[in-house]
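Next come two complexes, and both contain chain A; in the first it sits with chain B, in the second with chain C.
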Partner chain A sequence: MTGPAPQPMIAAEEVGIHFPVGRGRVLKAVDGVSLAVMKGETFGVIGESGSGKTTLGRAMVCLEKPSAGRIRHAGTDPYALSSRELRRHRRQYQIVFQDPNAALNPRMSIIDSIREPMDVAAELPRAEREERARALMERVGLSPDFARRYPHELSGGQKQRVCIARVLTLRPSVIVCDEAVSALDVSIQADILNLLAELQQEFGLTYVFITHNLGVVAHVSDRIAVMYLGRIVELGRTEDVIERPVHPYTEALLSAEPVALPADLRPNKRIVLEGELPSPVSPPSGCRFRTRCRFVQPLCAEQEPPWRESGAGHWSACHFAGELHLMSNAELHPHRNVAERQP
Partner chain B sequence: MAAAEPLLDVRDLGIAFRTGGGMVQVTREVSFSIAPGEAVGLVGESGCGKTVTGLALMGLLPRATSTVSGQVLLDGENLVGMAPRDFRRRRGSKISMIFQEPMSALDPVFTIGEQISETLRTHHPVSRKEARERGIEALAKVGIPEPTLRYDSYPHQLSGGMRQRAMIAIAIVCEPRLLIADEPTTALDVTVQAQIVDVLGDLCSRLGMAMLFITHDLGLVAETCSRLVTMYAGEVIEQGAIDDVLRRPRHPYTSGLLRSLPALAERKSRLPAIAGRVPARGEIPPGCRFRPRCGFAEPPCEAEQPLHAIPPAGQVRCCRHDQIALAGVLS
Partner chain C sequence: MSATVQQASRRKRRSRLRTWLAGDRRAAISLSFLLLLGSLSLLAGVIAPYSPVAQSMDILAPPSAAHWLGTDDLGRDVFSRLLHGGPMTLYASFLAVSVGLAIGLPIGVLAGYLGGWVDTGVGRIIDTMLSFPSIVLAIAVTGALGIGLTNSMIAVGIVFSPGIARLIRVQTMIVKGDLFVDAARTFGSSTWRVIFRHILPNAIQPVIVQVTLLLATALLAEASLSFLGLGVQPPQPSWGQMLARAYTYMEIAPEQMYAPGLAILFTALAFNALGESLRALLDPTRSRND
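And then the complex of A and B:
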């Protein structure tokens, strides 16, 4: 290491987010999560419903206050700020949601929706706000004709472009994309992913990409965190996690993803997880994945697996990390190798 | 496959809806067939007409506001224009359907068991006791643990995956010849999706049931179906054996869909998206409907496009199909 390590844009330290669910019971949607999102990277969070990925994403932009641990933004503790300072600070940390219909006010015209964050901030003169809103509208690929139209006149992809233009108006440094392309058709999804990649270059953005879609997260992310029942079970560089998973849950997720390939190039073995996601109100003792794990041992019920580094920057929480014979990428995704060999 | 007598033969199916501005043609000339025990994938983006096609096959489009033309032959019997009373006898027993959102398809005030036995007792003169036995059997067939217990559960007591299994159980309890599955796993997680897809595949092979799998996910079609039918703006634009189409699509739209999948692209690369968007109902261009978005469009594309045969069993609606080299999943 030379020089001081750069401050992560988002640092989560043992973050827990707990919701009371009545009769004294507590749902720990996020439980003891630590991670660091570095400047300029795309950090992917993947997990199934109930894994806590959305709650974690909301905590990253101060929409959910951690019940335990803390979140730091580039060294600053946002909750140590006065409410006035926090309002100003959080402009740097924006979020794009899955459903643009719910995110846009149906009674506001497109240009008004895009300009609204600047109107609330009230820092620029009106004419300049209008100009920036129009420029961004064009930048995200919407024709100026849309300015005076309303959300119901736009397609899903166009509405998502409006949401993206809107979060860009305050010149954020971090954007959390929570299933931002999940509701879109594949061709539109490809368009929006291309747009987000261009904007990242242009504005030097840091992204947190939360999704259940493995194809999307593997395509855009530099690093990936895999969540299960409120915990991160594996974290590492995308190629490591995708090609050499060390946690059995990651292996199962990779194996469950259907791939559009001819039969002879598809994985012939598939791991289908047995059973259901346990209730997050009373998670299993020890390793939370043990009830569905094909390698389960008595130790898994007795002790919580330690968070260990198995390769450079490749972390996981499994008692037997590195010792299990997990299906390799070549077995899970033979096409990646085959495709490279094509002339 | 082509040799077997088709179980379902859809010929020139056209669907029109009555709107304030007159009749609007939603699909036209939709033709495809399904052999007994075969699984066929019907794909396309939102608004291409795949769901209404499924609803038309089930006779579920409202008669007052829609018209269906052409023929739907199930075991040689035309379902289009069949009297509602006759259709009711076939729906649920010979042809069944499952939907994307199991919670809105199940009735929250009846137990799973009541909903299964309702279907069974509508079509077969069985006693309550026997209906219960066969209902529990159906729940076991779709992989529901403790089926005896679950038979008396209400839908809200089940998880999303279990509800979808329960809905499949209702659909298959009469052992239909054809199951129409409309985005049955879209609302589910991938690991649950894998379980449901296994159940459906297993039912097809064990019961010899045919399936029309309606989805936008080409990966799912690759895993579950032997043939693919692609729709665009209300028309069938390509069909063929799934592996042939994946390797070598003949229509620029199918090729575009395959190429825009991030899972198959090089990491971090720019995805080859399809420019433009699906035309709205009133804006469908004459000639090839994909022409405004197509990189290969030439003057001949402005003419009406017939289907061209692609041996051995494929079809494509593109006049330039033998002049252009299209990328598939491996190129």
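And then the complex of A and C:
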């Protein structure tokens, strides 16, 4: 990531997003996050509930304004634009939300919802908008019969398809998928993931895939960032992070992935994290993960771990990165065929 | 094609109205009463057997074939006055509620949507206005604007506005947090579009119900203010003013009170019942399964 690299689609520079929680205290949902999402890639962000990954995703599409640092969209700072320019600019950066029920206006018919982004843009003649909306409905696998129906008449998976069709109407360059499949049945999850992969090919999309489901993120992402308590603790290419994790939290996440095997076949090398996620209002000193880390040393409480590169493009924030013997995904799940991950 | 769709949806809406009325007798009765009242008011000039202001020597007469509801203290036909008072009374109710909506709705939506110091400021003003006894405030405003039906009903509307503002403010705050509002923002929608297209349609239902209840309240307020001599000026009839006049002769001719009193009671009751039924109909947990 050195030298004159191509302009990233999204570049976060030391981004912090802080919420006041009363009595002068501040919740740092995202704290000093830097990353770069390159054109055409699928960038996975993984972390448990409360790690700040959704807030980070919302910041990427200008729904939260960074309290510190900057977010640049292909070199432009969206907050430096006038409000009219920002409204134009942000059409390039779309988001698919976790809950498709809440993301659709219950009083608008499906076709109206899908057409809405184009109505806002008002760049195409009306008939063409209608036509494109219908074409996209078909493209995401929705029967034209649904056009005049209302969201409550559709299933969760169908609604998520509507949301996907809706963001595609603007021909965006980046789509942030915020837990886009977590609310759906497992069988439908696979359908939607495959649909997203096809659309990426077709429209040359860049994805930011935010999820707590390691299986999903490993399946679709080129690179993964692991978040813990508002910070990125590890970032690298998917196979590196999964096969050679260097942060103990990543190892614990890999271990926590459920295994569809009977108990006596399951490996008993599980690493179970003790305790709860500490409060982001008063995070632990030094390394934030130290309160739950099985390798914790006195140094961890004293100093913040540096952000270091341990392999080509494989970064992590741990004092002992590379020195610990961490188990890889293959060791944690010996019964699973690694090839199964390959597309 | 769109014409047929529109026609179909209109037909669907009409049949839905019919099923609703068939299933809810209270709503059906209230609605037909109000429709009857509306048409009687419109046709008052044609139906009324006498002029509402024509006096005769036949004073405080009990109901008879010539005067169905008797005559008042100046020998005017009570039935004719009741018919002519109807439009006055309805006009008064709708005027008051419209003024209340015109003031309360935009203020409440803006306070709820913008939040921050706008919300705090508006909240203080609303609390101040709500802390006055409403009829006293209405009298004070009427005093400032000048006596007369229109002025007094504008005053009542001003008194209604903080309640409406508070209701729509809370609704706006709830809907504002919904994901579809965030989604609309990422499409680059302007604030006005977000408010009119997404927030208002999802926040307005409780206000619709509140309006029907306020219509009843306005009716009673008109009666009170006319009773106090601040509303309709004689000889123009209005129900409140008729009641006020009848009250003076309560000991001699108590039956004078019945006609305007019952008219006010039934109309208020019909508005209230309709409001209750609308509330049940618009409850989202119920509309899911229709």
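Basically, the second predicted complex is superposed on the first by the 325 of 343 C-alpha atoms of A that agree within 3 Å, B and C clash if a C-alpha of one lies under 4 Å from a C-alpha of the other, contacts with A are read in each partner's own complex, and residues count from 1 in each chain.
Methods note: a residue touches a chain if its C-beta (ideal position, glycine included) is under 8 Å from a C-beta of that chain, and two chains touch if they have at least 3 such contacts.
Please read these numbers as outputs of a predicted model, since none were measured by experiment.
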Q: Specify the outcome, clash or fit, for chain B and chain C once both structures are aligned onto chain A.
A: fit
Q: Rounding in steps of 10 degrees, give the angle chain B-chain A-chain C taken between C-alpha centres.
A: 80
(Q) Contact-wise, after the overlay, does A:Y228 reach chain B, chain C, both or neither (first, second, both, neither)? (A) neither
Q) Where does A:R107 make contact in the superposed view: on chain B (first), on chain C (second), on both, or on neither? A) second
Q: May I ask you to decide whether A:Y207 touches chain B, chain C, both, or neither, giving the answer as first, second, both or neither?
A: neither
Q: Have a look at where A:D99 lands relative to chain B and chain C in the superposition and call it first, second, both or neither.
A: second
Q.
If we overlay the two complexes on their shared chain A, which of chain B and chain C does A:H152 touch? Say first, second, both or neither.
A. second
Q | chain A: partner with more touched residues, chain B or chain C | A | B
Q. In the superposed arrangement, which partner chain does A:V61 touch: chain B (first), chain C (second), both, or neither?
A. second
Q.
If we overlay the two complexes on their shared chain A, which of chain B and chain C does A:P117 touch? Say first, second, both or neither.
A. second
Q) Where does A:F43 make contact in the superposed view: on chain B (first), on chain C (second), on both, or on neither? A) neither
Q.
What does the superposition give for the shortest Cα distance from chain B to chain C, in Å?
A. 10
Q: Would you mind writing out the residues of chain A in touch with chain B in their complex?
A: 48-49, 155-157, 185-191, 193-194, 197, 212, 214-216, 218-220, 238-239, 252-253, 255-266, 270, 272-273, 275-277, 335, 338-339, 342
**Q.** Touching residues on chain C, where the partner in the complex is chain A
**A.** 5, 178-180, 182-190, 193, 197-198, 201-202, 284, 288
Q) In their complex, what parts of chain B are in touch with chain A? A) 45-46, 145, 159-162, 189-195, 197-198, 216-223, 242-243, 246-247, 256-258, 260-265, 267-268, 270-274, 277, 329-331
Q) Which of the residues in chain A end up touching chain C in this complex? A) 58, 61-63, 86-88, 90-91, 93-95, 97, 99, 102-107, 116-117, 120-121, 148, 152, 163, 166, 170
